[in-house]
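These are the structures in question, set out in turn.
What follows is a pair of complexes built around subunit A, which joins subunit B in one and subunit C in the other.
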Partner chain A sequence: MNHRGGWALIQQTWLSWMQHRSFFFLLAFGWMVPPLIYLFVWSTAARGGTIGGMTRGAFVTYYLVLIVVNQLTYAQTNWTVGDLIRDGRLNQLLLYPMSPLYNTLATEIAGKVVYMIFVIPITAVLALGLRPELHLSVTQVIAFIPALGLAWLLRFFWGYWLALLAFWITRADSLLSLQDALIFLLAGQVAPVALLPGVLKTAAIALPFRYMIGFPVEVLTGQAAGIDLAAGFAFQIGWTAAAIILYLALWRRGVRHFTAIGG
Partner chain B sequence: MPQSQIIVQDLSKTYRVPEREPGLRASLKSLYRKTYREVLAVKAISFRIEAGERVGFIGPNGAGKTTTLKMLAGLLHPSGGEARVDGFTPWQRKPDYLRQIAMVLGNKSQLMWDIPAHDTFRVLAEIYHVPASQFDATLGELVDLLDLGDLLSRPVRNLSLGERMKCELAASLIHHPAVLFLDEPTLGLDVSMQRRLRQFIAEYNHRHNATVILTSHYMADVVELCPRVILIHHGELLYDGPLAGLSEKLAPFKLIRLALSEPAGDNLPEEAHVVSQENGSLTLRVNRRETAAITAQLLRTLPVVDLSVEDPPIETVIDQIYQEGTV
Partner chain C sequence: MLQPLRLIRIFIETSVKNETAYNANFWVSLLNSLLNFGTGILGVIVLFGQIETVGGWSFASTLTVLGVYLTVGAVRDLFISPSLDSLTGMDGEVWIGTFDFTLLRPVDTQFLASVRRWRLFALFDLLLGLGVLIVAVLRLGTALTAAHLITFLAALAMGTITLYAILLAFSGLVFWSPGFLFSWVFNGIFQMARYPVRLYPGALRLLLTWVVPVGVITTIPAQALTGELSPAALIGSLGFSIALFTGASILFRGGLRRYASASS
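On to the complex of A and B.
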């Protein structure tokens, strides 16, 4: 492990990204739009009553937290991993005495810092104007931290192993598009998972996508408690472990394949 | 006797390349049944290189030069054979090995586009665990040798190709590699920038005894930099030795250039072939072994104002090998 080099790479990537901060602010704004639309749709629908036990203010809270969680866990860099493999730039990374994973992590962490500079003030302004309802308990906050960390790990490694299919398939990034569509549907963006109809709800609970975004939001807003909370963590840990195992297996085989055919 | 720094024994590489006939039908067929062809890129080549040598890999496009270089840098697994570089098997890509080498790919960049090269150098120093004092000394030396000056503080995207290439070379040397693989380092550069980089590579090799292995299609790079060349063609090693030896072996003739005060008429020796003749200047091709005798005869029988004896241009020699595929 070469943490020293990795940390330097993070700093350098951050410096590089700050040169284009307005571009990344626009990207971040683009990612905020779908949850914002659903925030307005659901909070308008619930005006003067409740839907599935959620009031207008509860929907506002849910979606404002979801905007921040979505930005914090969005693994944008997975889109560039396939490009590195396809156009042979991976060669340069393989020459360094350091795992190429650091390069992706550096972009990931540097990106998060740049996006948060934009997202946090915007969300704060929205919160002031839209009057969310949030009753926080210490347990919710404490449980939220590992739920958020695992959500990031899961989304990162899930996207990473899909991106690594570029070692064998020319345009593996189409799978990332499919993943984004499933996340949109099953991770709590279109609607909180509790409000999804029968089969979709069962699928959302069983598949990994809810644990990338929706689950940490539910933990902080108190919707996932007791047995749901424990079951949620079990699913989240299980899927994260599966994603990391898939990443490790595909990475080893992929590099062997890459160095066999030449980049 | 100390062991060679680079030992290559029967190194081979076979690629499996997908292929299909042209046309829509073949395109549809390839969707469900792909056919592959095996391409033998490098065929059981063997050589040794000592520490501090400057060796040029030459050969036409697709000869197997870059494939060989990539195997030695650990970027490609061979299909057969052995290679040891500084005691390591390259394709195991051990961190201790990667710290010993550097590779410059003329058509690829390791510099970050949006920030000054100096920032990338600092990151590389961290990646290679270069102590701060050594980094400052190395950078000072590179700035001096490559005349980097104010280039280091400008974003890389604002540098010209030649300026960027100077920074690329400097970036690859921050960790003082013992072996430097240069794949077309002067690609696309103007003549004076090519010369500047060549001078630098020679000076760096001289100062630090770093081994330099270079591929280039510019013969001037090879002539000026590499006392030894390895000629690869169709994946086979055709020649390994001094460049002059290649010329002697392949071109058993010399060129005699003459300036005459009046036309030569029919006084030319039978053994000499006229290559060109215009306005009192004459170029003859003669057998290498008969050069001395013919030169003496020319001086005796013709009104010679000036005379020079030359080897044929190396480009002509190399072109002949590329065309014929043999030495």
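On to the complex of A and C.
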């Protein structure tokens, strides 16, 4: 494993992305809008009362944290990996003296830095204007850090194994659209998971999507506590392990199966 | 006078021939349409599972707004976006210089740039949108009078013209800044049209009504259908859409004069 080469690649990608920042700011803006819509809709709905125990200020906090968490865990490389396989550019990467995973990680890290430069100031301005309510305890903050880390790992590897299906299926990217829709519904974007109606709520708790975004948000805002917190972590760790195992298995088989076309 | 219609027919035919060459895309488009439709509906259902009304909007009337959003969005995907999008972006005609060939055609450039590419799959989205509207009207429980229907159709037409004008203006800006994806900015804002403008806080509501008039596009037609639209608002939005259309055309034509091709 050539880790120094990997690090150099990460730095290079980050610097080159910073030159195109206005493009990436646009992308970040687009991803920010859906949670922002539900921030406004729910906080208007909860004006002068509570919904499912949440006040207007609690909804504002929930969605502002969600905007940041969503951006931090969003793995846009999931889309590009499939493209690399489809159009054969994976060839070059396979010839590098290091794993193509570094290439993906480099894009991932460059993206996080560029997007945060856009998202954090905007979230801060929104927080000043919308008066969120947040009661932080030390345990919430401490639990939030591993929850966020695991959420990123899970979302990254879950999307990565789906993208690797491009080795066998030409339009595997439509599975990523399906995943985005499920994330919208079940990961706490359309509503906090606790407010979802019966079947959707059960599905949200059992399936991996909540643990990619909603769960870390609930941990920080204190909505997931006690037994919920422990069960949440158990689900999150289980799904992350499953995603990594699927990634490894598909990658090994896929690379052997891979034939580039063109020349 | 019949020439524009004949051209549109030819553009549709070529687009269909182009599109049918990509078989698998049909299923991908079908999936994406159903996802867009499903997430939209479930979003409204989840919200109204918790509350009865928001800012004076009930489940049925909010569903009307969603129906208008899907319908207008389908018209946009039918030809407005496919046609205009080929101007913008890093591989767009203005950036790489192939816009030369568009300019050389013996028809009005704005007309050509607005109708040359069609995506007939959007007719399926149109059906879904109209389906949502029908269900919403049935759930409203009020009798739909002919007057309401006519006002609705008029408001819907104005909304579509407004949408076209905004997209044309955003595409026209490409002549000032060739690489910038102005239409992406609008895509983000347009998503807010899924819900009535009343659901957004003060400053944002003003922005959505007057600066980027997403409200004119979906909320006003929906109000026409529920019978809550005042004649003043209808006339106001008529004037508004005409003004926008004129403004956008002037901007686009001004942009055309700035175009200086590209060379390698």
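By definition in this document, the second predicted complex is superposed on the first by the 258 of 263 C-alpha atoms of A that agree within 3 Å, B and C clash if a C-alpha of one lies under 4 Å from a C-alpha of the other, contacts with A are read in each partner's own complex, and residues count from 1 in each chain.
The working rule: a residue touches a chain if its C-beta (ideal position, glycine included) is under 8 Å from a C-beta of that chain, and two chains touch if they have at least 3 such contacts.
This is a predicted model, so every value here is computed, not measured.
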>> I'd like to know which partner A:Leu95 touches here: subunit B for first, subunit C for second, both or neither.
In response: first
>> Quick check for you: in the superposed arrangement, does A:Gly30 touch first (subunit B), second (subunit C), both or neither?
In response: second
> Taking the superposition as given, does A:Ala8 touch the first partner, subunit B, the second, subunit C, both, or neither?
Replying inline: first
>> On the A-aligned overlay, A:Lys201 touches which partner chain: subunit B = first, subunit C = second, or both, or neither?
In response: neither
> Counting only touches as set out at the top, which of subunit B and subunit C does A:Arg21 meet: first, second, both, neither?
Replying inline: neither
> For A:Arg86, is the partner it touches subunit B (first), subunit C (second), both, or none of the two (neither)?
Replying inline: neither
> Considering each complex separately, which residues of subunit A are in contact with subunit B in the first and with subunit C in the second?
Replying inline: none
> Which of the residues in subunit B come into contact with subunit A in the complex?
Replying inline: 15-16, 67, 70, 73-77, 91, 93, 95-96, 98-99, 101-103, 105, 108, 110, 112-115, 119-120, 122-123, 125-129, 155
> Given the complex with subunit B, which residues does subunit A contribute to the contact?
Replying inline: 2, 4-5, 7-9, 11-13, 15-16, 19-20, 88-89, 91-92, 94-98, 256, 259-263
>> Applying the document's contact rule, which stretches of subunit C touch subunit A when the two form their complex?
In response: 24-25, 27-28, 31-32, 35, 38-39, 42-43, 45-47, 49-51, 54-55, 179-181, 184-185, 187-189, 191-192, 194-195, 198-201, 204
>> Show me the residue ranges of subunit A that touch subunit C in the complex, using the header's touch definition.
In response: 22-23, 26-27, 29-30, 32-34, 37-38, 40-45, 51-52, 130, 170-171, 174, 177-178, 181, 184-185, 190-191, 195-197, 200
